[in-house]
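Letters are used for the chains, namely A, B, C, D, E and F, taken in the order the chains are written, and counting of residues starts over at 1 for each.
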């Protein structure tokens, strides 16, 4: 399989790709055509079907897999694919995993790291809760490993939620050494659970969009609820331990205007909000650098930083 | 019993009052004294005990009831009570109800009005949920009737939560007639449940202060959780009905910066947030007018309105 | 007459429509064409004239009425009309009322409701003032009935100002029962007059755009002035009654940053600002729901609510 | 007469001063006393009457003139006057002008400067309007010369409104030379009229407090109204000239959040808002420097500048 | 040479112009073309090359000078140039000065005015510093005269920095007369130096874009540094004089959120920030008026003024 | 020596303490007294001298060391010392180090850790620069070790600047491992230099207040300048390395409104701003916890967190 990112201007294109979107248009001289976006794990490409009545063009829809032929041209410094042939592919002809953006790190390795951190938690209630989620709840584990951490901003890929959660948890582990007054068990438990609501806030790939529940309640409240229900099944889980853990989850966006219904009232909640924010911003900047990897100069105004940025030399 | 608001400069004071606070001081010439605030349902008065070693002055603490004697003087345009005798009263000598600020409206009448509104709800799930709280859950009913709607701002008195809830529900009932596109059942159910988390966010009178749970989770998330748990016991309560109801509760502060983790996404959530805000502001202005009832001029800058106000002529 | 909203992809179009706008373009291959927007009371449609030198295409301008022939196509999920013939229509061939968006409620019925509310005002000065505007001033009455309440946001149609004013006045009437400390006469008079400046702030339909006076002074100051001048003709109108009424008008946007030069200093001014804001937001949400009437899912980010919304199920 | 600012620690004080305020107190050991603030044009001094029943102490009230005797002490680095004798003075014993803060510049000289600037206006309508106010309206002239420009911040003294108006007008005159695209007649007329509403927004000295009209309408709207009424009496005053002038007055605070109901839409309105803001800030800084004239270091955080300041060396 | 602003619809175009930008495109029917922007001192024009393989079209790049032939058409109310022939011009065929926007005022006259103001400074250290920059440092003088004051907003043309600096300095000179408590030497020296960092923050014309140093440090810090280094070479320059001057430069944007690392702590720093802001806003409004010189109505919403504007009548 | 924090109500006090402040007062019954604050490394205590003419009370001033005798009382839940005897102590009687708040960590150990981190930097220019400051510049080293990181908020004690700098540098070291795209040499160099301007922004202990230079320029610009001057002495220090380092220092407050004249444009600048902010907030919360160490409940509203906080259980 040839990945989309490997095509160049002038290439002949052929292969099976996933249809991310499809809309109709009419050219300035009145002729109808179609805009298609194809996707694979390496990225996306804009396509045109100029002759929509060509018998070589099958009907197909968004999220279908199509076997296409065509040629690559360059338009406004971006590549474009003119589709000449399109055939809907059958299940079995392709592996869906090839068509979704995915973490550059190995998912199972990351998961093992996370489980080792669970083992390091001393408080038996917190440890039992973490195992109830990350070891014993198979449906949870399956979804957690595949979820992204966002629809489009940072960590928006398969395994993104795991990668972000692990990175935040490790940073909290560092904090617990640098600032010995932090309660490590509460902090690490909260770090591992802080975004678990996202597995239901966003639908699975390839759709990866907000669910109805996600839009109405949000992952912050959903995560707090999930912890509450799971803790009710852990014997001897004290109300105080639960409230402090739920508070850390509710407050992890740090400020009301960022969607937390409470500001951090415990130093662990404050620490978690810093780890979450730091990791999100580092990953966002990393993705900006990757998207501008060939640009030796300034990349232009970046909304999230309120300024212009460039790669360090 | 003589109410505190009925004393005038020069009066002899005597009777049993509740101790709201008590702190020690030392006068400028080095003599220790005590600052006491006494409370009954009509309000509070600042008191001094200049001779703290007088054998006629018993030991007493915050939240005790004391039988005092003394005289009323005027200090900086406010009354002050110099306590000459103080005796801790026994249970039975006083009725605690006389010592707490209380709604000026009859609590049982208001509760009957609320129950009549519950009867008018058509959706059987919502109706069953409301009855499960407001009719069948005796502990809930008892707490709900006695709660205040706030620690200090608007509706900060026994029955305040009921008064506010009824007023918001009736305004939503008006909205449902004026704007027929509103779903009345969802709107009225949400109105009646919007602040139920406050019965655990604040401790009971006479303390009426934030609980640990209230500080860590807040009444918005607590109310959403209470509805979720109660709905799980109502047969046939659909997930969609629950999510929409919980959303209205979560969004009822209208904006993230006011503590709602989600902004209103449904028109009923928006309507509820307006009814809640309107009633809170009307009551606040009413309390300002009452506190300045003898002032024919301007009352001075009011923080909540960002300006100076006066009574209408 | 066939309304624009009743056309479908593939239809032949013909009939007289109003020209809302007209601009020239040149296609990518260098050929000039024209963009036209046609309007009737049901809405608007984007049109193209690809052959501008065709003898069947008359010259016409913005705000003209033209009799057109052409066909409907679909472009990017929106309908487009390719105009093949265009003839300027003569007065008498069409009824301008068919070409302007108009309230869905009967204007005369609404006006009768408003006049009944005027009769319910007790204060003779306020009642005389209201009659001087809404009964005796024929030019005012004619303009008031036809005005919109806005250029484009809520109530932007013929009769919109009346519909909004009536709705706000009725909500204030509800408030005056729910909150007996409100002075009903002042509140209702202010409600009926709060937006009267809009009849000169915006030009009449079909233009419905800001006038020079509207841009320079704004409807808030203009309305306050109109009341001042009219009150000068009402015998015995006290200065205090006038100042309080003008204050309510000046403060009805509630905050300085929304264009009120004073924040509400009287409880009636505060109540009016809530009624105005509530009605505007309910109507805006209603219009969003109507514009997305076929959309079963989420409508996308709404600037005025700072979030995503959907219809309630 | 000895001015208050000329007293030192240890002096005997005697003379007639105006009573700015008077309140009662009770000392920590239970003895009543009185707090009095005396004022003359040089400033104010805090006073105490420790023996309120002394037969040498007459009854007197706020805004009375009293002939006092006592001694000056130093308390927390500020002077304090212990009053031993107090006699209410009769009209004729004192000249009220000696008891009000007053501009350091000669009022008649400033007024002559202003009238010369009126003569330089070319547009006959604007010139006639200015004369109708500043030359022909005797009551206006009398009030204008005596008004302050503020209750307490900058220019809060007799003649302050004139001093500020003249300074703003001269700066606008400078602008009209530096930026020839400015219409000098409009700009200077607007500059001279921009704050005329203040003569009714604030009551006359020595009270100098917001009037009912000032609180309800504000000087911005009041000034615009005054100009509208006066212009109606000037023959041939065009509507366009009036609207542009009123706009400049309404917009002179520059931003909605500073109380202007419209932002500057004309370049003269923008220029006026800069002249007004510049002069206000220069005078405020000047008053801070004068109030700290003996302080060689930093004066501490200044709210209006969001920082710490000091005198330039 | 015919200036771009003198072409009309239908004209034949020919002459040498500078290439401001050049990008490739593909038309809707699949044909590649090129977008070119040509510039001369009168402005810019959008151009198309429809036949990119025409042998009459030479290769050329951004910032080249090309001798073109083509015709002018009108597209969406703007002129467009269809290029039929293009030849790269040789140095000597054109004068670069003809291709850059330039101040409408004579640069040498303005510079003489500035030097006269330097002569009026009394403090020998400040005078020496100013001469070290504006008289003795030839490289500085050359750059300073040619720099713009901005990339795109106000004063974005050759000589713009000089024009702005002179205007600010003269306004400060006016202030020093109107407010005698200002230290004129400090104020004028700071005014002349306040934006000198811009000569390195922006690259020279025709590029006029942010340099690496400009993006990383900014002209405020760069100007403060330049003054520090130059002052070190002036004998007897006191530390106090330097700190006060550097403070004025650092604080000249007036507020932290506008990029000043310190708010004005000296009255001269405050005055400078007002002069800078006033001149920038006057020039910006002037440029808006010039860009809309044929528009008798309202120009539409202006971001920098948060409102709609028009020319004064 | 008995530390101030070890006194209890009723104790006799005696010993040598430093005078932090001293002001005069007059009691309500007219008697002058003195307010004194004494300080040692354990904290401060409020004191009164009721009999200021007692021959046993020597004259003394702010920053003197005095040998006092008196007794401890309790006033409004805080301890107060009534001074009966006061004698100015001679140098030699006391060790100033006992009277200044000081880091709880060993200063030399921390400094060794910092020097080890310098050794780990690979880039020879950065390493040379760091050594030029932290090893070779003896005056710098002496000041750096003793400076606080703030006047009053976090790390406001001797060694506080070193403690904060080391903590930020170690967190950056952690980041450089967790995010391998970070340039470790630039990041660690910037971390070690980010607050060096503070050694001149604040005067030395015991005064520890803003200097004139600190108020006028601020530690951000001062630190950038110090680096610029020192780098000029390091052979081969490239302009690019210098600009990137200075940028990190200038941008380390993260946002313009926090006093950085530039927002982070390099990912290392962003990382540094997060490390700085995280460490400051962790230390601030730690100090709040220490100041409330005996409080089992909620500590009350904390301005820096916009909410109420408590210790974790």
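Worth a mention:
Criterion: a residue touches a chain if its C-beta (ideal position, glycine included) is under 8 Å from a C-beta of that chain, and two chains touch if they have at least 3 such contacts.
Quantities reported herein were computed from a predicted structural model and do not represent experimental measurements.
Chains that touch both subunit A and subunit B: C, F.
Shared contact partners of subunit B and subunit E, listed by label: A, C, D, F. A comparison of the C-D and B-F interfaces places the larger number of contacting C-beta pairs at C-D. Between subunit C and subunit F the centroid-to-centroid distance comes to 61 Å (mean Cα coordinates, whole Å). Distance between chain centres (mean CA atoms), subunit A to subunit E: 44 Å.
Separating the centre of subunit D from that of subunit E, both taken as means of CA atoms, is a distance of 42 Å. With touch defined as above, residues shared between interfaces to two or more other chains in subunit A number as follows: 28-29, 215, 240, 244, 256, 262, 265, 308, 310. Interface note: chains touch in the pairs A-B, A-C, A-E, A-F, B-C, B-D, B-F, C-D, C-E, D-E, D-F, E-F. Put simply, subunit E touches subunit F in their complex at residues 212-213, 215-218, 220-221, 224-225, 228, 240, 243-244, 246-247, 250, 256-262, 265. Of all the residues in subunit C, the ones that touch subunit E in their complex are 23-26, 28-30, 32, 210, 215. Within the complex formed with subunit F, the subunit A residues making contact are 167, 170-171, 174-175, 178-179, 181, 183, 186, 240, 244, 255-256, 262-268, 270-271, 274, 277-278, 281-282, 285-286, 289, 305-310, 312-313. Those residues of subunit A lying in contact with subunit E across their complex are 27-29, 31, 33, 50, 73-77, 80, 82, 298, 308, 310.
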